[in-house]
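The structures come next, written out as structure tokens.
Here chain A shows up in two complexes: once beside chain B, once beside chain C.
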Partner chain A sequence: MNKKQFQNILIWTSAILLIILIMTPGLWVVLTAFRPQVDVMAKPPVWIPRNLSFNQFETMLFGGSEGSMGRSPVPVLSYLYNSVVISFTSTFVAVLVGTIGGYGFARHNFKFKNGYFLMIMLTRTIPGISLSLPIFILFSRIGIIDTHFGIIVVFVALNIPFTVWLTDGFFRQIPRAMSEVAMTDGCTKLQAFWHIELPLSKSGIASAGIFAFLISWNEYALVSNLARSTDSKTLTVGLMDFTAQFTINWPGMCALAVFIIIPALLLTFLVQKHLVSGLTFGGVKG
Partner chain B sequence: MAQVELKNLSKKYGKVTAVQNMDLIIPHNQFLVLVGPSGCGKSTTLRMIAGLEEITGGEIFINDERVNDKDPKDRNVSMVFQNYALYPHMSVEENLGFSLKIAKVKSEEIEKRVNEAVSILGLEDLRSRKPSQLSGGQRQRVAMGRAIVRRPDAFLFDEPLSNLDAKLRTQMRTEIKKLHQKLKTTIIYVTHDQVEAMTLADRIIIMKDGYIEQIGSPIEVFSKPTNVFVATFIGSPPMNIFSAEIINSNNNIKIKLDDNLYFDCTEDQKNKLQNKKNIFLGIRAEDIMPVENNINTSFWSFKRNVDIVEPLGTETQLFITINDKEIISRMYNPYAVNVGDELTFQVDPSKVHFFDKETEKAII
Partner chain C sequence: MKKFLNGPWVLLLPTLIILTCVVLLPLLISLWTSFTPFKLTKPDTLYRFVGFRNYERLIGDIDFWIAFGRTVLFLAIALNLELVFGLGIALLINKITYGQRTLRTLMMFPMMFSPILVGFQWKYIFNDNIGLLNNFLREFGVIQPIPWLVDGVLANISIMAAEIWSSTSVFAILLLAGLLGIPKDPLEAARVDGCNSWQVFKNITLPFLMPFVFIAMTIRSLDVARAYDIVQMMTGGGPAKRTELLWTLISRTGYVDAKMGMANAMSYISIFLSIAFTFFFFYKLMQSRQQLSYE
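Then we have the complex of A and B:
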């Protein structure tokens, strides 16, 4: 065995070990979701599941079949509805506003430009949770506590800085000559943006969208304060519904966790090719 | 077909003046080349004509219509950029047809015009390729094709060849010239390369620091430069410039280059120079010729040792020193010359240029 082969084996082994390390908690969540409570709580732990079932999912989504744990105590479908509405709307708004902002920063010069940019970025340095109390008081005063609108506003504010930063970088990569040639080709400024600059930066915008969506979809701390009822509670906050005073329904909670993971995973797979940039290569001098 | 007219055009960036009071009429079908060192305002002028740069002062007319406040899209000019700026997400065909699609031209017409451009530029096999799959020369051709399909009133070229290697540049230069003959359209072409300017232009404008230094045909600017800058900018190698003194004694005017080198003025030159004291003398390398024995007595002649010999095949450049200044002489029909050889050089007085030492303007 030569040095190169040895190196390869080393790299692969460490990569696989690392993946196992990262995947294990997730895998445990998935396994727990399909196992009966007895198995989950057993001491010593049962490593290899003895029987698997969809009971938890049935109970969660359809209120359970005869002989199971009875009607689901957790209104998962309402939570799903809230999560979908809040995540998609806030992502859409954040990407829309953030992209326009990023374009502005990348293409236009105005007074205090760097100051503004720094200011927007600095908002990211404040931990979101530290704002939960002021936001709670403010929102309850103006009456948007426990509403979709309130949570969307928070998520949009949370996501815009990152979107601005990311898209600014992508727009900067596109040579100015690209939109200039489009304008001498008969485009208005807006058409040049729409036909040329936007398609060229779509990988950046898609990445920004994915990040914004994942942040909104997975956020727990802030929403757990702002959402009080089924009117606005999201899936992540709904996880806590599985805790009772003395017990925790681990399989139920894990089933919901799996339910939360799937859409995020699917979406990431769908857009992942856009996450790889480098689309502008070749348009200008090579 | 279009006449482009600039009236008192100027451009300022803050306190910096990029273009200063430029007046110019470019008639139909003229191939005009703006040439000058970087930062002379040539590209800015072009971009103002295209509408990509705000105009600080003055007016631009295309076909007698004032276009100052018109968007680039409404000026019906096409621009070819230095870095080509092809749309990377579109195929060659889509790149070519884009402007027509935006103008909502019918698809049959688009296809017809794209086919036309493709055959003019020999892009048949590349129609479905993306820009990243093309070589530099091919990209350049697509960029020109994109300009052609619009059938613009005028083509604007912004240093289109400077990203190509030397061989390809020569080749594309010829193609651009052919294209102009075929399309018969006004072309305004910006370059910093005087060879490109000389070979392509019907008319050359030499610019420096935002001002026009000279306008004329390639032969005019070469043979009758109006000042020292033009004289040294046009032509390769640059014109030799000597600092000289006029010695006027008893109606016999001599030009003193250094203590041992005096030239007698011809009758014609006497009139020009009798009131001058200090001047610049300009002589092109090809007008300082080494001679073996057939010395022409009406020519100026002097002896010098050769410092450097640079054979170029059809010619040889000889470097000599006059008054501590390095001078280039160009020798055709080369024979063997060694470094250190003493040769006799001759200058035809009628080929000599005189410039005022203060204004650096030609003395006519």
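Then we have the complex of A and C:
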């Protein structure tokens, strides 16, 4: 019994260490967002915050003069607007197109099917920065650089392969017989898809959507080069803009970081159960 | 027409059109550009063909090969450590019965972080003046601040730590899903036959986990280039190019020095590197899948 107890203590100690390692960086950033600049810069370090405030958030959102560093260098509200418009639109289009494509792969056999599938997946492996160079050249020639439209189109292409992969896996789980029965009962192919296969693969499509949203929301390498002004810069680019300041406003940056992470956190916790099954479904049983 | 509407192509067409326009066409432009001396400051140079001159120069460019070597080494070390840590964490969580789901949810925490955020939070922690790590060490008597992001070797280690923090959970989550799916019968049979835990792990658990290892590797190899965001945020490739990866070098050459032709030549090499990584793991995945279905 002694050995068993020892083992239990060992397991729990490592689990707690693990949680600390995972949580500390994020929590430290959150805490800093509420602390005054003086505390953050203090030597020797101040561990217990002397006072906490929402000043950084006020400065960031309304450009007020109460923040310890004066005006925020980043127009957060327009960046937030850009982020929201770009992420939601590109997610919607990518899931729409990708689901249709995934259905095509799951339900049809054709020549070089695996080849096409692999080709589609391989487009995803191209590093964002490598892809940004020719797109930058192309977009500046046709005049859609620094626009929502241009960035949305790129994000749609970025998210389609993964959506195809996930939804293909889910559609395969649904027996073909179900829609065939519906069709002999007089449904058209589209009706069978709409009433039977789509509802059954809802969780797969949802997880594909979350992934697409996270990728778009978090993307930096492409946007930072395709967005030039407040017209299309997103929050991640905004965070980088902070580092161009002569003295880094750490609490201000932390406030923006908190702002970026909250939507991602909320969305992921909402659907976290589907995420894992989505990933492994598509992969193992494909 | 009816045949077309019932076939697969009407379904695949939107996907193929978008990918052709946004990925394949730009790649062709990129290929052409890599054969020109195109500079952003001189637009006309886009139409001057110089053959393999950019590539020839790259072969003799020592800075490029150092960045290339560092990228390969970085990926090899990071991916292997992520796999080992991920496996360890998965085995650990698998052993825990009380609170397992909470732990799994907590494990997903780093997956939601944008690479640029990961870079930022570690830049803050490793800051030599006000960073959490140096402040913490100071309490234990290390008064002289350690220059984590200023020293060449330490900066590489710091970036590696950030990268591992952000990606280990992908491995942990997927391997845990694999562990939970292992049928219990062979495990018990092996125990009854007198196998010790190491033998059970080596002969039953590990072979069963292999497809999950390769799925995780394939998924991970799709976005190895996210290290660009982290490096750009933490050091920008410095100090004195000591943390320069292939991707930061491409971005510097293309956008800062405006040498688009050269940058496109480099990016072709980086694309082949990424495809090689993905292809390798995808091939392994297919192989291990087949093995499982034979058994």
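In the analysis below, the second predicted complex is superposed on the first by the 243 of 286 C-alpha atoms of A that agree within 3 Å, B and C clash if a C-alpha of one lies under 4 Å from a C-alpha of the other, contacts with A are read in each partner's own complex, and residues count from 1 in each chain.
Keep in mind that, in the parts below, a residue touches a chain if its C-beta (ideal position, glycine included) is under 8 Å from a C-beta of that chain, and two chains touch if they have at least 3 such contacts.
Quick caveat: nothing in here was measured; it's all calculated off a predicted structure.
S.K.: Quick check for you: in the superposed arrangement, does A:Ile151 touch first (chain B), second (chain C), both or neither?
M.R.: neither
S.K.: On chain A, which partner's contacts cover more residues, chain B's or chain C's?
M.R.: Of chain B and chain C, more residues of chain A lie in contact with C.
S.K.: Let me test your reading of the model: by the given contact rule, A:Ala206 touches which partner, first (chain B), second (chain C), both or neither?
M.R.: Neither partner.
S.K.: Thinking of the overlay built on chain A, is A:His195 touched by chain B (first), by chain C (second), by both, or by neither?
M.R.: first
S.K.: Have a look at where A:Pro127 lands relative to chain B and chain C in the superposition and call it first, second, both or neither.
M.R.: Touch status of A:Pro127: second partner only.
S.K.: What is the contact status of A:Leu138 with respect to chain B (first) and chain C (second): first, second, both, or neither?
M.R.: The second partner, chain C, only.
S.K.: Once the two structures are superposed, pull the chain A residues common to the chain B and chain C interfaces.
M.R.: Dual-contact residues (chain A): 279-280, 283-284, 286.
S.K.: Sort out for me which residues of chain A touch chain B in the complex.
M.R.: Touching chain B from chain A are residues 175, 177-178, 180-188, 191, 195-196, 199-200, 279-286.
S.K.: In their shared complex, at which residues does chain C touch chain A?
M.R.: Those in contact with chain A are residues 6-12, 14-15, 18-19, 21-27, 29-30, 33, 38, 46, 89, 92-93, 95-96, 103, 105-117, 120-122, 124-125, 130, 132, 135, 138-139, 165, 169, 173-174, 177-178, 211-212, 215, 218-219, 221-222, 224-226, 228-229, 232-233, 247, 250-251, 254-255, 260, 263-264, 267-268, 270-271, 274-275, 277-279, 282, 285, 289.
S.K.: Across the complex, what residues on chain A touch chain C?
M.R.: For chain A paired with chain C, touching residues are 11-12, 14-15, 18-19, 21-26, 28-29, 32, 40-41, 44-45, 97-98, 100-101, 103-105, 107-108, 110, 116, 118, 120-131, 133-138, 153-154, 156-157, 160-162, 164, 189, 214, 217-221, 225, 236, 239-240, 243, 250, 253-254, 257, 260-261, 264-265, 268-269, 272, 275-277, 279-280, 283-284, 286.
S.K.: Any idea which chain B residues touch chain A in the complex?
M.R.: So the residues of chain B in touch with chain A come to 50-52, 71-73, 75, 77-79, 81-89, 98-99, 102-103, 130-134, 136, 139, 146, 150, 156, 163.
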